[in-house]
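Consider the two complexes below, in which chain A is the common component and chain B and chain C are the respective partners.
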Partner chain A sequence: MTKELEGLARKARIYALTMIYHAGSGHPGGALSAMDLLCHLYFREMDYDPADPGRPDRDRFILSKGHACAGQYAVGCLAGCLPLAELGGFRKLGRKLQGHPHVGATPFVETSTGSLGQGFSVAVGTALGLRHRKIEARTYAMIGDGEIQEGEIWEGAMFAAHHRLHRLCVVLDYNKLQSDDLNRNIMGVEPVANKFRAFGWRVEEIDGHQFDAIEGAFGGFNRETGRPTLILAHTTKGKGVHYMEDRPHWHGSVKMTEDNLRQALTDLNCNPETIGKCRDGTIWEESLD
Partner chain B sequence: MRKRGLETVYRLAKEHPNVVYIGSDVGKGTLAQFQEEMPERFFVEGIAEAYVIGMAAGLAMSGKMPFVNTIATFLTRRCYDQIAVDVCLGNYDVRLYANGGGLVYAPLGPTHQSIDDIALMRALPNMTVFCPCDADEMERGIRASYDHKGPVYIRVARGGDPIVSKAEAGFAFGKALVFKQPGDLLLISTGITCQISLKVIEALAERGISAGLCHLPTVKPLDRDTLEPLLRQSRFVATVEEHSVIGGLGGAVAQLIAEGARHPAGKFKSIGIPDVFPQGYGRQENLLARYGLDVDSVTQTVTAWMEQT
Partner chain C sequence: MTDANAPQLIGMAGDSLREAFGKALVSLADQYPDFVVLDADIAGGTGTHHFRKARPDRFYQCGIAEQNMMAMAGGMASTGMPVFVTTFAVFCLRALEQARLSIAYADRNVKIVASHPGLEVGPDGASAQCLEDLAAYRAVPGMTVVSPADPHEMALATEAVLRYNGPVYMRSGRSPAERIYDASHTFELGKAHILRSGNDVTLVACGSMVSRVLAAARTLAASGIQARVVNLATLKPVDREALVTCARETGCFVTAEDHNIHGGLGSVVAEVLAQHAPCPLEMVGVRDTFGESGEPDELRVKYGLTPEAVVAAANKVIARKREAAS
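Entry: the complex of A and B
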C-alpha cells in the first residue's frame, strides 16, 4: 500500500518539476514538500468522483497555499481529474492550469487561492455550509507555515473551534521555510501545535513524508466528533531533490534550467530516456510507467 | 433605512431557508428576533472581518445567501482582497450590508468615514453597487437582491431620511429613476443625495433655473439607456454624491460623457467630497456642509458655475 503511494508521489514529483521547467517559472519547493500529503488525500482519503467533480456530497479540498498548485495539478492528473496533456499547459495563456488554482478554469479546484490566509476561511465556511445542508462530506484544506502569519488564519481557527467543525481537517505543510528564509528568521510561528490546541483544535503532529503516519493522522481526524483537526506535518521543502531541499531559493517563483531538470529527475531515479521525454515534453503523450 | 434593511433581511430569512446573517460585532440587540427564531442562521463574528468574507464565500458556495453586516470602511478597505478574490472572482451570492456609507460616522473620524467605498466596489468585476436613498428603496433592493445572481454591495445611510422613492416607479438593479426631466440642468444623485438634490431643485427654481433629477439606486450597473439621452439633452450636468470626487458616481458619469454621451456645448461638474480625509469629526450634517454637500452649498455651487459658464 505504502509502496504504491510512494510510486505515485514519485511520478507526481516528476510531473510537477517538468511542468515548472516548461512553464519557465513556478514554485517547486512547496509543491515537493506537500506531495506525499497530497497523494494520500487524493488516493486514500477523499471521497470524490473525477468524472463528476461537482457531485454535491463530494469531499472538498482547498489548497490555501495556492502557490504549490503544481503539486495539486500533478496529483489530480494521476488521480484521473485531468488528462495528462493538460499538464503541458501549466501557466500558459488560456489553459486550464494557471499559476494559482483558479475556480472555473480547473474542474477540481473548489475556490481560487493565492492570497494567503483566505482559502482557510473559505474552507471553514464550506464546512459550516455542508453541515447546515446536512451533507456528510468532509472539508480539507492545506496551508503553509508562512501563511499562518496571516491574522485571518487565527480568526478562522477561532470560529471553526467555536462551532465545533469536526468535519474540517486542515493540513499544515510545515517545511519551516517561507519565500525568503526560515520562518523563525522572519516571524516565528512556534509553538504551532500548542497554539492550535489552545484555539480548541485537535492536533496530530507527524512526519509528512511517512505514509503510515499520514494515514494514522487522518484516521484520528475521522474519529474526531467535536473539534476541527490540524495535521501538523513536518516536511522538507524541495523534498526528493537534493539541491532544492531546505533551500529557500527554490520556494519560487523560479526558472529551472535544463541542467536543474536533469539533476532533479536523476534524484528521482529517472533513466535517461525518461529525462529526455521530460525535457522535450513528449512525457505528456503517454503515462509514465 | 438601516433598521428597515435588517428587518427585510429577517423577513427574507423567514421566507427562504438559505438566507444567513453574519454580523461582525455590530452591537447587541441587532436583529434579536432573528437570533431568537433562527439561531442556526445567525452568526456574530467578533472583531474580525477578513475571514468573515472568505467564510461567507464558502457559505455561498454551499448554497447559502449570507448577508454580512458591518461597518462600511472595514468591509471595503480591510477586506478588499477577500471581496475581490473570494467573492467577486467566483461571482458568489454574498450581500455586503455596509453601515455608514459616506459621512454617517462623522463622529468617529476618518477610520469610519466611508468616502471611497463606491469607487472601490465599482472597480470589482461582477459587483453590483446599491446605494438606496430611503428605507422603502432599501427594502425593494434587499428583496430584489434575493433573485440576483452575484455579489451586491449595499450602502447603508444613517436612517430617518424622508421617503421620496415611489413604489409605482418600480425597482431593478441597474435601473435609473427620473424624478424630473431636465431643463437647463440635470442633477444626478445616488443614495441620500437624492433628497438633497430634490431640495436643490426647489431652491434653483426660485432662482429661475429649471433642473431635472436622475437618481441612480445602483451606481453599478450604470443605466446607460436612461442616462445617455438625458446627458445629450442637458447643457449642464452635475453629479451630487456623498463620496470622494474620485471614482464614484461622478467618475462613472464622466466616463459616459467622455465616451460621447454629451450635449454639443455640454458642461459637467462633479460635486462630492474633495480628495481629502474629512477633517473635524462633528456630525454628518456638519461635514456635509463643510464639504459643500448640504442643500445651500450645492445650490450656490451650481448657480455660480452656471453663471460663470
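Entry: the complex of A and C
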C-alpha cells in the first residue's frame, strides 16, 4: 500500500518538476512538500469519480496554497482527472492549466485560488453549503504555513468551529518556509497546533511524508463528530530534490535550468533524458515507467 | 402590547431600500426555496433581520468577518444554491478581492447586496459613507452592478438578480427613500427606464438621485426646458442602445449619483457617449472628496447632490450644446 503511494508520489514529483521546467516558471518547493499528502488525498482518502467531476455528492478538495498547483495537476493527472497531454500546457496561453488553479479552466479544480486565505474560506463555505443541502460529502483544503499569516484564515477558523463543521478537514503543509525566508524570520506562526486548538479545532500533528501517519490522521478526522480538523503536517520544502530542500528561493522566484531538471530527475531515480518527452507547449507523449 | 422601553431601530420606520430588500427576501422565500442569506452582524442595518426572523434555517450569521463571509459565499454557491451576502457598502470594499477571486472569477451565483451607500448614510460620517463601491465593483470582470431607485424597484430588482445566474453587486440604501414607482412598474436587468420624456437634455441617475433628478426636471419644465429622465438602475451591463438613442434625440447629458464622480454612473455614461455618440456631459456627484457627519439632506446641499445642482448642470450643458451647434 505505502509502496504504491511512494511510487505515485515519485511520478507526481517528476511530472510537476518537468512541467515547471517547460513552463519557465512556477513554484516547485511547495509542490514537492505537499506531494505525499496530495497523493494520499487523491488515491486513498477522497470519494470522487474522475469521469464525473461534477457529481453533487463528491468529496471536494481545494488547494488554498494555489501556487503549488503543479503538484495538484500532476497528482490529478495520475488519478485520471486530467489527460497527460494537458501537462505540457502548464502556464501556457490558451491552455487549461493556469499558473494558479482556476475552476473555469480545469474540470477537477473546485474553485479559483492564488490569493492566500481565500481557498480556506471557500472550503468553509463549501462545507457549510453541503451541510445545508444535506449532502453527505467531505470538504478538504490544503493551506500553507505562511498563509496562516492572513487574517482571513482566523476568521474562517472561528466560523468553522462555531458552526461545528466536522466534515471539514484542512491540511497545513508545514514546511517552515515562505516566499522570502523562514516563517520565523518573516513573522513567527508558532504555536500553530495550540492556536487551532484554542480556536476549537481538532488537531492531528504528523510527519507529512510518512504515509502511515497521514492515513492515521485522516482516520481521526473521519471519526470526528463535532469539530473541524486541522492536520498539521510537518514537511520539507523541496522534498525529494537535494538542492531544493529547505531552500527558500525554490519557492518560486528561481527559473529551473535544464541542468537543474536533470539533477532533480536523477535524485528521483528517473532517466534525465525523460525531459525530451515533454515538448514545449504541446503534449507529454507517454507515461513514465 | 408594545414595550415603551424597547429599543427602536433607527430608520426602520421609514420606507428605505434596505427595508424593502429585507422584506422582499421574505416574500421570495417560498417561491425560491434554495437561496440562503449571509450577514456580518448588521442584519438590523441591512434589512435582513426580517429574513432572519422568518427563515432562520436559511440565514447564516458570519460575525464581523467580511472577507471570510464573501469567500464563503462563493463556496456555498458552489454546492448549488444562490447566496445573498449582505453588509455595508464600505465593507464590500474590504472584501473586494474575495468578491473578485472567489465569486466573480469562479463565476459563482452570489448576490452581494450593500446597504449604506453614499452620503445618504448621514450622521455616521465619512468612514461609513461609501463613495467608491460602484467604481470598484464595476471594474470586476463578469460582475453585474445594480442600484435601484426606490423601495418598489428594490423589491423587483431583488427578484430579478435572484433569477439571474451569476455574480451581482447591488446597492440598497439606508435612509427613507421617496416613492417613484407604483405597482405597475416592471424591472428588467440591464434595461434603462425612461421616467419622463423630453428632448432638450437627458438627465441620467441611479439610486437615491433618481427622485432628485425628477424634481430637477419639474423645475426645468417650469422654465420651458423639457428634460428626459432616465433611471439607469443597471450600471453594468449598461443599456448602451438606450443611451445612444437619448444622445441622438437630446444631444446633451447630466448624470447624477451619490458616489464619487470618478468611476461611477457618470463614468459609465461618459464611456458610452465618448465611444458611440459624443455630446456634452455634466456630472453631478461627490467631487473626489470624503463626506462628514450630518443629516442626509444637509450633506446633499453641502456636497452638491440636490435638484438645484442638477438644474444648474442642465442649464450649463444645454448652453454647451447650443454653443457647439452655433
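Of note:
The definition used in the following text is that the second predicted complex is superposed on the first by the 276 of 289 C-alpha atoms of A that agree within 3 Å, B and C clash if a C-alpha of one lies under 4 Å from a C-alpha of the other, contacts with A are read in each partner's own complex, and residues count from 1 in each chain.
In this text, a contact is a pair of C-beta atoms (placed from the backbone, for glycine too) under 8 Å apart; a residue touches a chain by one contact, two chains touch by 3 or more.
Predicted model only: the values in this text are computed from it and were never measured.
Overlap between chain B and chain C is detected when the two structures are superposed via chain A.
Applying the stated contact rule after C-alpha superposition, one finds that A:125 touches each of chain B and chain C. In the superposition on chain A, A:94 makes contact with neither chain B nor chain C. In the superposed model, A:158 lies in contact with both chain B and chain C. Contacts of chain A with chain B, set against its contacts with chain C after fitting on chain A, overlap at residues 103-104, 110-115, 117-118, 121-130, 132-133, 151-152, 155-156, 158-159. Chain A contributes residues 103-104, 110-115, 117-130, 132-133, 151-153, 155-156, 158-159 to its touches with chain B in the complex. Touching chain A in their complex are the following residues of chain B: 40-41, 45-46, 48, 50-59, 61-64, 81-82, 85-86, 89-90. Only residues 56, 60, 102-104, 110-115, 117-118, 121-130, 132-133, 135, 151-152, 155-156, 158-159, 162-163 of chain A touch chain C when the two sit together in their complex. The part of chain C that touches chain A in the complex is made up of residues 36, 60, 62-63, 65, 67-68, 70-81, 97-98, 101-102, 105-107.
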